[in-house]
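These are the structures in question, set out in turn.
You will see two complexes here that share chain A, one where it goes with chain B and one where it goes with chain C.
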Partner chain A sequence: MKMSWSKRQKLAGYLFIAPNMIGIVIFFLIPAIISFVVMFTDLDFLSKAPVNFVWFDNFVRVFGDETFYTALKNTFIFLLAVPVSIAIAVILAILLNNKIYFKPVLRAMYFMPYITSSVAIAFVWSLLLQPSTGPINGFLRSIGISDPPRWLASTETSMYGIDIIMVWYTLGFNMIIYLAALQEIPTDLLEAARIDGARSWQTVRRIILPLISPTTFFLLITGLMGAIKTFGLIQAITQGGPGDSTVVLSLFVYRTAFSYYELGYASAIAWVLFMIVLVITAIQWFGQKKWVYSN
Partner chain B sequence: MNQIAPGPAQTATGRVTTTFLSYQQRRFISKLVLTFILTFLAIIMVLPFVWMISTSFKTGNEVFNYPVEWLPAHPVFDNHIKVWAEGFLTYYLNSLKISIICMTGSTFFGALAAYGFSRIEFKGRDQIFFLYLAMLMIPPQILFVPRFIMFNWAGIYNTHWALILPGQFTIFGVFLLRQFFKGIPREISESAAVDGAGHLRIFFQIILPLAKPALVTFAILDFTWNWNDYENALVFLVNRDLYTVPLGLTNFIGEHNVDYNGMMAAAVAAIIPMVIVFLIGQKFIIQGVANTGVKG
Partner chain C sequence: MSEETNKRLSRRKFVVLTGGALAASGLLAACGDSPTATAPAPTAGSATTAAGAGTATTAAASSGGVIKLQMWGGVPAESGPQKVADAWNAANPGIQVEYVRFVNDDPGNLKLDTALLATQDIDLFMNYATQKLQKRVQGGLVLDLATFKDLDIEAKVGDLAKPWKIDGKYYTFPTNIAPAYYWLNKSALDEAGLQSPALNWTLDDFKNYALKMKKGSRWGFVPWDIGTLYAMIDNSFGYVYTKPDGTSRYDDPIVKKTLQTIHDMMYVDKSIIPWGEQSSAKLAVDATFFKNEAAMLGAGAWIFRSSNNLKDYPHDFVSVFASVPRVSSDQTNYWQPITLGDALSISSKSKHPQEAYKFMKWYADGGMIPLTVGGRIPASKDFNQDDAVKAMLAGNDKMYDLNSVKSVIFNKNPPLTSTTALDTQVSDMIKEEVEKYFVTPSGNVDTTIGNIVRRHNDFIKTKK
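Here is the complex of A and B:
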């Protein structure tokens, strides 16, 4: 039996995507469905009690849980690292995009943190930020700040300490992407601006920044998404402490699931986290039209 | 590009400069100043690494001397010896095994799927691809609990399979490679098809060789992610002899949390392989990251 051309094409197409798709179904789609069911139950890995459907009780519990609001607040402080990192990265990228010496070496130096293990580097920072004996506070004292912040050791500043580490960690990535975007700006456009007598600050503000706004938008979305999922770095250095001062939502999910084994409740929190991701996406999706320049 | 030749005040661009310096001289000075500022900032960026390496060669009471002694006066190797004596070799081998198997599988399966999504026309293709897009949004937090249940049920919880099997399939890899495959001119594969080559032959003999830079880029990135992955190992591995490097590192630090030199020696052990991979594959890594961003 001979198949028609379009049928053969269809079969070939399916065969090519099949191995990957089967894996994606097993390890992404099915777990997502299971999680959607589990969030309505009181599934507890440690108790031998039969599992019941409690429907929306888990959600009632989430919104009445004080830790949830702490985690929500901490998550927002954590997310501050994203725009800060992007802002520094754009300045660095614009400077690096000029004619300078050692450009490839400098670029590699800025990018280096990004490829290293975030856990390993978090430990280095936790010593650098040591309040009484660490070199950073040593430096701050030597320039006359007699009472430097206690960073990760204090509930007031711990989240900001983690922000510093995140900014340092993601800076190189953002910068590399900006550098690539700057390459795409036609040089005659900049040349024309220069001949028209535009000062460099005007060129940056009126030409470069609008032209790279799609990149800013991309970095903001992926950065926020990435940060909202991060918990390994925080789990490794503070375990959410001191107190609950560095418990972010993703860490709250992890803790509920794998320290207390309340799998049903943890799934419900995870879906609340997902809803926040969706809201951020939606806001940015509609906001994009307002401030992203496009031709 | 560093001509310092003194030029007339009237420059090639036709602008009359009002300073003593010629256009070229001003260019040279601004280049020098910029280089200086950016080098200074770059040094600050890598200082934590320098401090880490330097501390790993110090003895206990030298750690927090201020001002920092960047070159230890009496370098010792005890810290590094201790780290390696306490199981880091096992962690290395585990990480290497998992990262290599995941890298190979995800690149190959990703390339196959990317070919299907980019170079074969069939009904439902774009809908399936849209589904992939949607699944990229699911945060890993949602997946940990059900995977934990599934892996327990399948008996692969607390085995390397729990990391290796999901690691074979990435959505991101399909995106990245699809993007690249789309850029390969249609005529190349069409003329081969006219000559009677099937999709498999076109894939292996034409597309894969042409896509080598993209494949290498994705493979290196995927290797890096797997090597540095702490969260999955934390959730799915319990036995110490199964630990990967990041998990072994946190474990070591948990046990030696007052031994700062030992901690830094362990951090060095965890970071150095990635630094070496980066220095060798720098071009591919930076290019690859840049491509994902611009063409996203």
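Here is the complex of A and C:
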């Protein structure tokens, strides 16, 4: 059978996207559909008991579950790391975009954490943040803070300790993206500003920041989505402890599914998590008109 | 919108939905015990463990009907299990055992459960917690040992096997005695002018010992994990966690006394390293004890693995053993945590259950002896306990206070009235609440107990 040219074109197109699509369908789409069905049931991973459709019971349980609210609170504290990391990344990128010494070395150094294993990060940071013998608290004591935070050893500060690690971890990636954005800024605009007598702060505020705002928007959206799903880093550092002070939603889902084998309930929590991501993204999407520059 | 498009849309929607449902049911069925499920190729891990002695015979005789058994366990192959498999394989050329290690944590147990569900490769596997076994039994993955008429587990290993019963039946053969107890540094005892603790010492005695033995940078006591710090509560309860009316028993004064004493030891006496520091620093507990940075260690038999390893854990003091202290001296039914562990089960999908059973009996009756250097003592009455202790001490007799070894490990417990363990969700919740209290210097014990009781009662209600 001979195919027409346009059909062959289409077929070639489908073949090209097939490897990716097959992966998405098998590992993402089908599990997502299954979890959508499962969330209305009381499915247990190993149990032979018949699976019942309990419909919205799982959601009633989520919203009555203390651990859910703890995890929700912890997740929001964890998300603070994203804007902080972005803010520091802008400053570093602008500095590193100028003529300074050891530029490639510094860039590589900032990017290093991003390609480090989270287990190694967990190990090093738990030493750095050690409350009595760690160098960070040693420094804080030397500048006169007699009672520094006990970081990962206290239920009140552990989430902020993880925030610090997360900022450090994502900084390099954010900075590299910003550096790329800075290269895109037309030099004539900067020159014109200089000729008009703009000081460097004014150039940054009026020209650079607005021009890289699409990048900021991109980093904020992907950063928040990535952070809300973060699992490995926290599992490696604290496993949710001390107490439940660093149990975020993703850890809560994992535990419910893979320690307690309550797949129905875990799917329901996962879909609530999805709704939260959706709402946060929607807010940003509609809010972007106010501050993101586009030509 | 015309009717035509409406129809088309709904038809398309229908196709998508059915497709999804089909895919879903297909996958779920694949997860179930469909007899057509194909066994995937052995994992890389199993391939490496197979590379021991005995592979030559296997290869040579594979056409001659050699039966292959696969056994999953949590102990690294090089710490004994490989020797066990080699010994068996040499003696039984017709039944070759291959050992596969899984890490005994949540992801590791999940891996085992998934393999039990989806493949037929596993013949024998180890259980390390009754809650995990219960899940496996509920999933129909475990063979009921009543199939083997000549087996009487309680006659073999005694009443201590009872907590491993699921719904009144034995699905598993607990093979080793896994007691939890305290290790004490004899030099530190002598320095402080203290005698070896009596078998019925109390929490207050313990507090006193820790305070007297802490010296300079040496702590009085270091726990293996947070559970060690409040094990006295479980020992007092003896598997009864609710009151006759079905509500939580955690408002018992024993709980308050235990938690408060340990908290005081951390922040008033400063004889125990504050839990937050220990956990956030991921302290190497056994090294802390053998480096003389803690005078007492709350752990159990598994420390023998480090203790007998004088190269990596050099120390020159004698280790004395003590039972876990009781909360008050009048507790007549205080239950020492002498449990049976390493519970060996046969997969319900095993194609060779008779051969697996033969191996199981051989293992329990002494085949497991290469694991004893790591503190694992055979529970079987048919194995001489003195020989087991001798193997455990690995020729380092002068490093241990022999009297206390035997009196603590073979300590007799009062009979149990109940043998059902706490649900994992509840024990995790209690751990969380206790941890919050232990890491907070100004923590309030009544709030902690209030939270535990409330959350425990909530759980009891949702289970109903």
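Everything that follows uses one rule, which is that the second predicted complex is superposed on the first by the 290 of 295 C-alpha atoms of A that agree within 3 Å, B and C clash if a C-alpha of one lies under 4 Å from a C-alpha of the other, contacts with A are read in each partner's own complex, and residues count from 1 in each chain.
As a convention for this text, contacts are C-beta pairs under 8 Å (C-beta built on N, C-alpha and C of every residue); 3 or more make two chains touch, one makes a residue touch a chain.
All figures in this text were calculated on a predicted structure; none of them were measured in a lab.
By the touch criterion defined above, A:34 reaches both chain B and chain C.
Contact with neither chain B nor chain C is seen for A:223 once the two complexes are overlaid on the shared chain. Taking chain A as the reference chain, the count of touched residues is higher for B when chain B and chain C are set side by side. When the shared chain is aligned, chain C comes close enough to touch A:66, but chain B does not.
Once the two complexes are overlaid on the shared chain, A:92 sits against chain B while remaining clear of chain C.
When both complexes are overlaid on chain A, the residue A:258 reaches chain B and chain C alike. Using the contact criterion defined above for the overlaid structures, shared-chain residue A:241 touches chain C, although it does not reach chain B.
By the document's definition of touching, neither partner reaches A:149: not chain B, not chain C.
Of the two partner chains, chain C is the only one touched by A:48; chain B is not.
Annotation: chain A residues 30, 34, 45, 123, 127, 130, 133, 258 touch chain B in one complex and chain C in the other. Chain B meets chain A in the complex at residues 1-2, 13, 27, 30-32, 34-35, 37-39, 41-43, 45-46, 48-49, 51-52, 55, 63-64, 66-68, 109-110, 112-113, 115-117, 120-123, 125, 128, 132, 135, 137-150, 165-166, 168-169, 171, 174, 198-199, 203, 224, 227-228, 230-231, 234-235, 245-246, 249-250, 253, 260, 263-264, 266-267, 270-271, 274-275, 277-279, 282, 285-286, 289-294, 296.
Contact residues on chain A toward chain B in their complex (touch as defined above): 6, 9-10, 12-17, 19-21, 23-24, 27-32, 34-35, 38, 45, 92, 95-96, 98-102, 106-113, 115-121, 123-125, 127-128, 130, 133-135, 138-139, 142, 168, 171-173, 176-177, 179-181, 184, 195, 215, 218-219, 225, 228-229, 231-232, 235-236, 249-250, 253-254, 257-258, 263, 266-267, 269-271, 273-274, 277-278, 281.
Within the complex formed with chain A, the chain C residues making contact are 20-21, 23-24, 27-28, 106-107, 110, 113, 117, 135-136, 138-141, 274-277, 279-282, 424-425, 428, 432-433, 435-436, 438-440, 455, 458, 462.
In the complex of the two chains, the chain A residues touching chain C come out as 30, 33-34, 37, 44-49, 61, 66, 123, 126-127, 129-133, 150-156, 238, 241-245, 255, 258-261.
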